[in-house]
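Here subunit A shows up in two complexes: once beside subunit B, once beside subunit C.
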Partner chain A sequence: MEYAYVNSRIRAMKSRLLDRRQLDQLINKHDIDALITELEKTPYREELERAGVQYSGVTRIEYALRKDLVRAFRNLLSFTSGEEEENLLAITLNRYDVQNIKTILRGKRIHATPGEILDCTIPAGELDEAALTELVKQPDVKSVIDLLATWGIVYSRPLTKAFKEYSDTRDMLVLEYAIDTYYYQYALATLKGGETEDHRVIRDMVITEIDISNLRTVFRVLRDQIDREDAKRYLLEGSSELGLATLLSMMKGGTLEGALKHLEHTSYQFLTQVPPEYVSAQKISAFEKELDRYLVRKGIGYFIGDPLSIAYAIAYTWAKYAEVTNIRVIARCLVSEVPEKDLREALISV
Partner chain B sequence: MEQINPTRMELIKKNAQIKLAEQGRDLLREKMDALIREFFHIMETVSMSRDQLEKLSNAAQHSLLIAMAIDDPVTLKSASFATRQGITLDIKGKNIMGVPVPIIEKRRFVKSLFERGYSILGVSGRIDETAEKFEAELDLIISLAETETALRRVGNEIQMTRRRVNALEQILIPELRRQAKYIEITIDERDREDLYRLKKVKKIIERKKKKTETAGSYA
Partner chain C sequence: MVDWGIPVGAGIAFGLGALGTGIAQSKIGAAGAGTIAEKPDLFGLMIIMVAIPETLVILGFVVATMIMIMLV
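After this line comes the complex of A and B, so read on.
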């Protein structure tokens, strides 16, 4: 693939991302209308104008942010369309497909209206808005899975396998766990054997996501004092740094403090710096915030990776995600009149 | 004043009514005292639970704000699809001094990590924390519903009892007393009239007797 051309396009998209000064200007706004006016001076103007027809206030901003994110990611996919790299980039964006499929299955189980379900989807992955609209039109969970299988979507495989157990137990957890696990298994299987820089970058990010998912599971299991054997099935395999043995020994200690000791001398050592009051209060969200920041930092760090690889596109996806999240945090905090210090603390990356 | 027969029988009846009304008033006063004691006892629990609910509600709202800000409201709504279900509560009743109050079955709505219906791999701890805090709030709201209903019903009963006591004390008993007094006065009046009449008759008889005797001596 012609990375020189693709990365030039992405570089142009990156130049439209908000810089620190613009973010500060947004933080300094006193109300939501002022924030919208400020955002209208940025590339979000177009989506904000469209969103303004249906929504107002913070909902307008959030709707516009979602649409802009979807447009940006769809553009990325279109740059690599028909190339082998499209599959690699799709691995990163497929997490939106997995989330959308889960949303549709959840909605179908409780007989939510198609409109209600569709409002909760973010068509930033391979399944576009038309595909999602067709999926939400299906009458039940089984039909959704069948339609995915008909279209040849890989995520129908774990769902088809787990459907019998689901129909016996009516427990949505069965389907969700199957598709979540399969997402990582499929990503690693696709990357297996690939030795290019592109494969290395994507594999590195997928493994980091696996580590973070496992750490979150371990922390939550420890906080809720859940049986280690029950929790074991929710751990994902694939990481060499934090393998199953390490994760199980973290859980064996039974305390967060004990688990954190296992992270010394690993890439996740920064978690040992979380203030002790959060550790003693078992505030998992404090750890999660640090992990999210680490993931975003690592993703954005690929901007200085090989310029003739997929690294630049990956970095852009994380930078865009961070920007959208930060603007949403600012908007929500402004509406709730959160002090500036707490607002800055809540930002995903600074 | 209604038409009353000023007879001794009626007076006895009125006095019996006054005694019964006074007994009723005393009993109602005792009931009211007991209800007021119970009211303040429940009030203390309600006030403590209210403070606790306010703190819990603030914490839940803060968690919701952070979850909505970072995870996007649509992700949160999607997670809520997985957990959406009705709540069935078993309600029984008990009596506090004759006041029926509900007893709501104590059920914990705080769920464990794997009971919420969504996979923890795809849902952040922030959403979990938000769910947990709102579940705890729901627990407290339901227990508060029981005590607040009891408080409201006991409060209504106190008001009703006070109105009854006041009606007995301010209207019925004074009215009965007035009627008894009226009967007494009327009977006394009648007695005095009778006595006067007797004295008058006696005087007339004596005068006639004297006249007859005087006429006899002249003859």
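After this line comes the complex of A and C, so read on.
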């Protein structure tokens, strides 16, 4: 692929991301209308104007951000259209499909309205807005899975297999684990054998996501004192740094402090720096936040990777995701009148 | 008898310079096209960037000319 052309376009797109000064200006706004006015001075203006026809306030911002994010990711895919790299980039963006399907299944489980569910989705993967709209209209979990199967969407296979167990236990974790496992194993199988820098970058990010998902599971198991044998089946395979043996020994100790000791001298050593009061209070949200930040920082770090590889595109997807998340956090905090100090703490990678 | 070394040397000086310019311009041109697609206001700057490797072929031409003068 002609990376000189593609990465130049992405560099230009990156230059339109908000810098620290612009983000500070957004943080300093006192109400949602002032925030919208400030956002209208940024590249989000176009989508905000379109969203303004239907929505107002936070909903307007959220709708515009979602549209802008999807447009940026679709642009990236169009640059690689017809090339081998399109499949590699699709692996990264398909995580949004998995996330969207999980959101819809959860929504159906708690009988949320189609509108509410659709607002929580990000149609950046293969399932576009029309497909997601059709999915959220289904009456229950079974119908969503059946519709995915009718469309020949690959994720219907693990969901159909796991549905029997779900209908017996009514445990959404069964379906979520099935689709996660399928996505990560499919991604790793696609990347197997590829020795280029592009394959290495995507594999590295997929494995990091597997590690983070497993660490979340371990922390929850320890906090809720779930049986280790029950929890074992919800661990994802594929990582060499935090293999199943390490994760099982983390759970074996039965305490967060003991589990954190196993992370010393690994890439996740930063978790041992979490303040002790959070550890003793078993506040795993602090760990989850650190893990999220680590994932985003790692993704954005690829901006300084090989300039003639897919690294730049991957870094852009994470930088854009971080920016949209940060603006959403600012908007939500403004509405809830959260103090500026807490707001800044809630932002990622600032 | 004609000494072929001098014109061949001039040809190499000019040819390799032109080849280098071609390779550099292909890369810069692709990057420039990508940049202009996103930021059309950088068109002028990109033209200058694409023209910079021309110096290689110009230097090659000058060296080739100086070699050829030796024939006169």
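Keep this in mind: the second predicted complex is superposed on the first by the 291 of 350 C-alpha atoms of A that agree within 3 Å, B and C clash if a C-alpha of one lies under 4 Å from a C-alpha of the other, contacts with A are read in each partner's own complex, and residues count from 1 in each chain.
Note that a residue touches a chain if its C-beta (ideal position, glycine included) is under 8 Å from a C-beta of that chain, and two chains touch if they have at least 3 such contacts.
All values reported here derive from a predicted model rather than from experimental measurement.
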Touched partner set for A:274, first subunit B, second subunit C, both or neither: neither
Partner chain in contact with A:112 - subunit B first, subunit C second, else both or neither: first
Which of subunit B and subunit C A:338 touches, first, second, both or neither: first
Partner chain in contact with A:66 - subunit B first, subunit C second, else both or neither: first
Comparison of subunit B and subunit C by subunit A residues contacted: B
First, second, both or neither for A:9, with subunit B first and subunit C second: second
List of subunit A residues in touch with subunit B within their complex: 62, 66, 98-99, 102-103, 106-107, 109-110, 112, 117, 119-122, 171-173, 176-177, 179-181, 213, 216-217, 219-221, 224, 226, 230, 234, 236, 283-285, 287-289, 292, 325, 328-329, 331-333, 336, 338, 346, 348
Subunit C - residues contacting subunit A, complex: 27-28, 30-35, 37-39
Of all residues in subunit A, those that touch subunit C in their complex: 2, 4-9, 11-13, 15
Footprint of subunit A on subunit B - complex, ascending: 63, 65-66, 68-70, 72-75, 77-78, 81-82, 84, 112-114, 117-122, 124-126, 128-129
